[in-house]
Amino acid sequence: MMTDRTTRVVRAADIAGTLVFAIEGALAAANAGLDPIGFMVLGFVTALGGGLIRDLLIGASPPAAVGDWHYAVVVLVAASAIWIARPEADAIPSWLLTTLDAGGLALFAVAGTRKSLDYGLHPVPSLFLGTISGVGGGTMRDVLLTQVPRVLRVDVYATAALAAAAIVVLGHVWRLPSRGTAIIAAAVCFGLRMLAVHYGWQLPKGI
Amino acid sequence: MMTDRTTRVVRAADIAGTLVFAIEGALAAANAGLDPIGFMVLGFVTALGGGLIRDLLIGASPPAAVGDWHYAVVVLVAASAIWIARPEADAIPSWLLTTLDAGGLALFAVAGTRKSLDYGLHPVPSLFLGTISGVGGGTMRDVLLTQVPRVLRVDVYATAALAAAAIVVLGHVWRLPSRGTAIIAAAVCFGLRMLAVHYGWQLPKGI
Amino acid sequence: MMTDRTTRVVRAADIAGTLVFAIEGALAAANAGLDPIGFMVLGFVTALGGGLIRDLLIGASPPAAVGDWHYAVVVLVAASAIWIARPEADAIPSWLLTTLDAGGLALFAVAGTRKSLDYGLHPVPSLFLGTISGVGGGTMRDVLLTQVPRVLRVDVYATAALAAAAIVVLGHVWRLPSRGTAIIAAAVCFGLRMLAVHYGWQLPKGI
């Protein structure tokens, strides 16, 4: 069902997104003044939550984050590194956090959409699963911290993930090369998100 | 394992419940003043959350909401319609919202119980899965909005779903016709919920 | 894949943990002044949440809590008993609650790690799944009550579960007898947790 090439693209994007989101989750734990286990918990939830939901829903059993031990090790190493480096955490500029987050969002949105299509799902649910892959981990982290999740609070967040998912789906329907499409989709998601932060773009509000 | 007839009953109730709960989720987004993506997110979570949990737990892989693209399209259309109609959203009378919600609860409780039994689960867990199908999506929506979920706050809510589930289970155990049982169960759930709202019924409290 | 013996160890620990956590969840409902359905909801979530996540992630389909009706009956009986006994609930000393909770944590951490290994998962994700089994139900309960979950607030909580999981994993890698290892692991988790409460142990904080 999956060719070796798309499997490799998905896994590489997944592992890179895991690293980026694990760092972000551990930094959220530092901001909340948690202990080392809190760094691990928020690292795991942020980094693996989106992919776990995706894999449960597409029927990839066991989910990659559980069946492939590299994911857990990446999170352990990233969370430990942030714990050790936490005295310097104040010095982390906010643009770096925003950039990491936009990067993780782009990587997971692309990997999630690609994997859903590879498991034979219809383009419409694949759109929706790609977006969930991107925003799911951060949403679970915000829920644990009893904050309204970023996906509801922040403009052009799920939108950027959805744009990447749409490009991957269109590339699939039109039979464009999957690697090139993935790179363009990730670049669009990352760029949209960064521009939205920089210029303070907002979508129209309901009321 | 599932006959064509019960499959059709489950799917029809599922799709109708999805429409009703997608409208309700999008109206919650309108109340919270969210952007169009917020309408989609709350529409998806409210409409598909309960069925997704049910399908994951009974081992229906992939879950209907993901394997059958009609569900996602129903949510997209409903959330878009509510977004477009949002200037009139204030004019929506509260009895309409209550009625929609009671209808969705009844449809999902019946469909969830029926599908669990059709997948060979024992009556006791089927009761519990039918109730989760009814209340799961709204619970996930309330958690995302950091509100104590309705299932814990509102009297005669999970109770009404549980009543419907119990009727479906008894009809199954006594080998009554599944379609008639489903209609009676949905009517009891809907009626209980509407009467409870109208008369302000309350269950006794723990303290 | 699973021998009869380890299956029995897992199931016995799982059922015992379910009873303990169902009592704890129902007592949380009593504290929050909920109705009888609230007792059931919090009993189910607290007792079955961790095992359900574990079984979904390791691909045990259907999950034990759904495929084996004993789990649901244990929760129904425990939640009903606490509802009936709620006038005396004030008289429950806090050390009893702490002890029950430490016991449930130990039982689920051991059963979760053992079951993950028996399903052929690598030791690293098994560590992580054992810990989730222990803390998952209580985390879901706290989220429903819109509280920051204990796993982030309380020191030496996930740590104790992780210690039990590590002992089970080491016993597995070194081929020690699984029953003896399980008993030692549960005793260490329970002891660590009780000592941490008694002496007010804290892990160092991030800031």
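By letter and in written order, the chains are A, B and C; residue numbering begins at 1 in each of them.
Operating definition for what follows: a contact is a pair of C-beta atoms (placed from the backbone, for glycine too) under 8 Å apart; a residue touches a chain by one contact, two chains touch by 3 or more.
These numbers were taken from a predicted model, which means no experiment stands behind them.
Engineer: Return the chains shared as contacts by subunit A and subunit B, ordered by label.
Structural biologist: Joint contacts, listed by label: C.
Engineer: Looking only at residue numbers at the subunit B/subunit C interface, is the share used by both copies over half or under half? Answer same or different.
Structural biologist: Subunit B vs subunit C: different; shared/all numbers falls short of half.
Engineer: Distance from the CA centroid of subunit B to that of subunit C, rounded to the nearest Å?
Structural biologist: Computed from C-alpha means, the inter-chain centre distance equals 29 Å.
Engineer: Please list all residues of subunit B that touch 2 or more other chains.
Structural biologist: Residue numbers touching two or more other chains: 56, 61, 143, 146.
Engineer: Please output the residues of subunit C touching subunit A within their complex, sorted ascending.
Structural biologist: Touch residues, subunit C against subunit A: 56-59, 61, 119, 121-125, 127-129, 139, 143, 146-149, 151-152, 155, 157-159, 162, 202-207.
Engineer: Could you list, by residue number, the parts of subunit C that touch subunit B in their complex?
Structural biologist: By the definition above, subunit C touches subunit B via 29-42, 44, 52, 56, 61-63, 65-67, 69, 71-73, 76, 83, 86, 89, 143-146.
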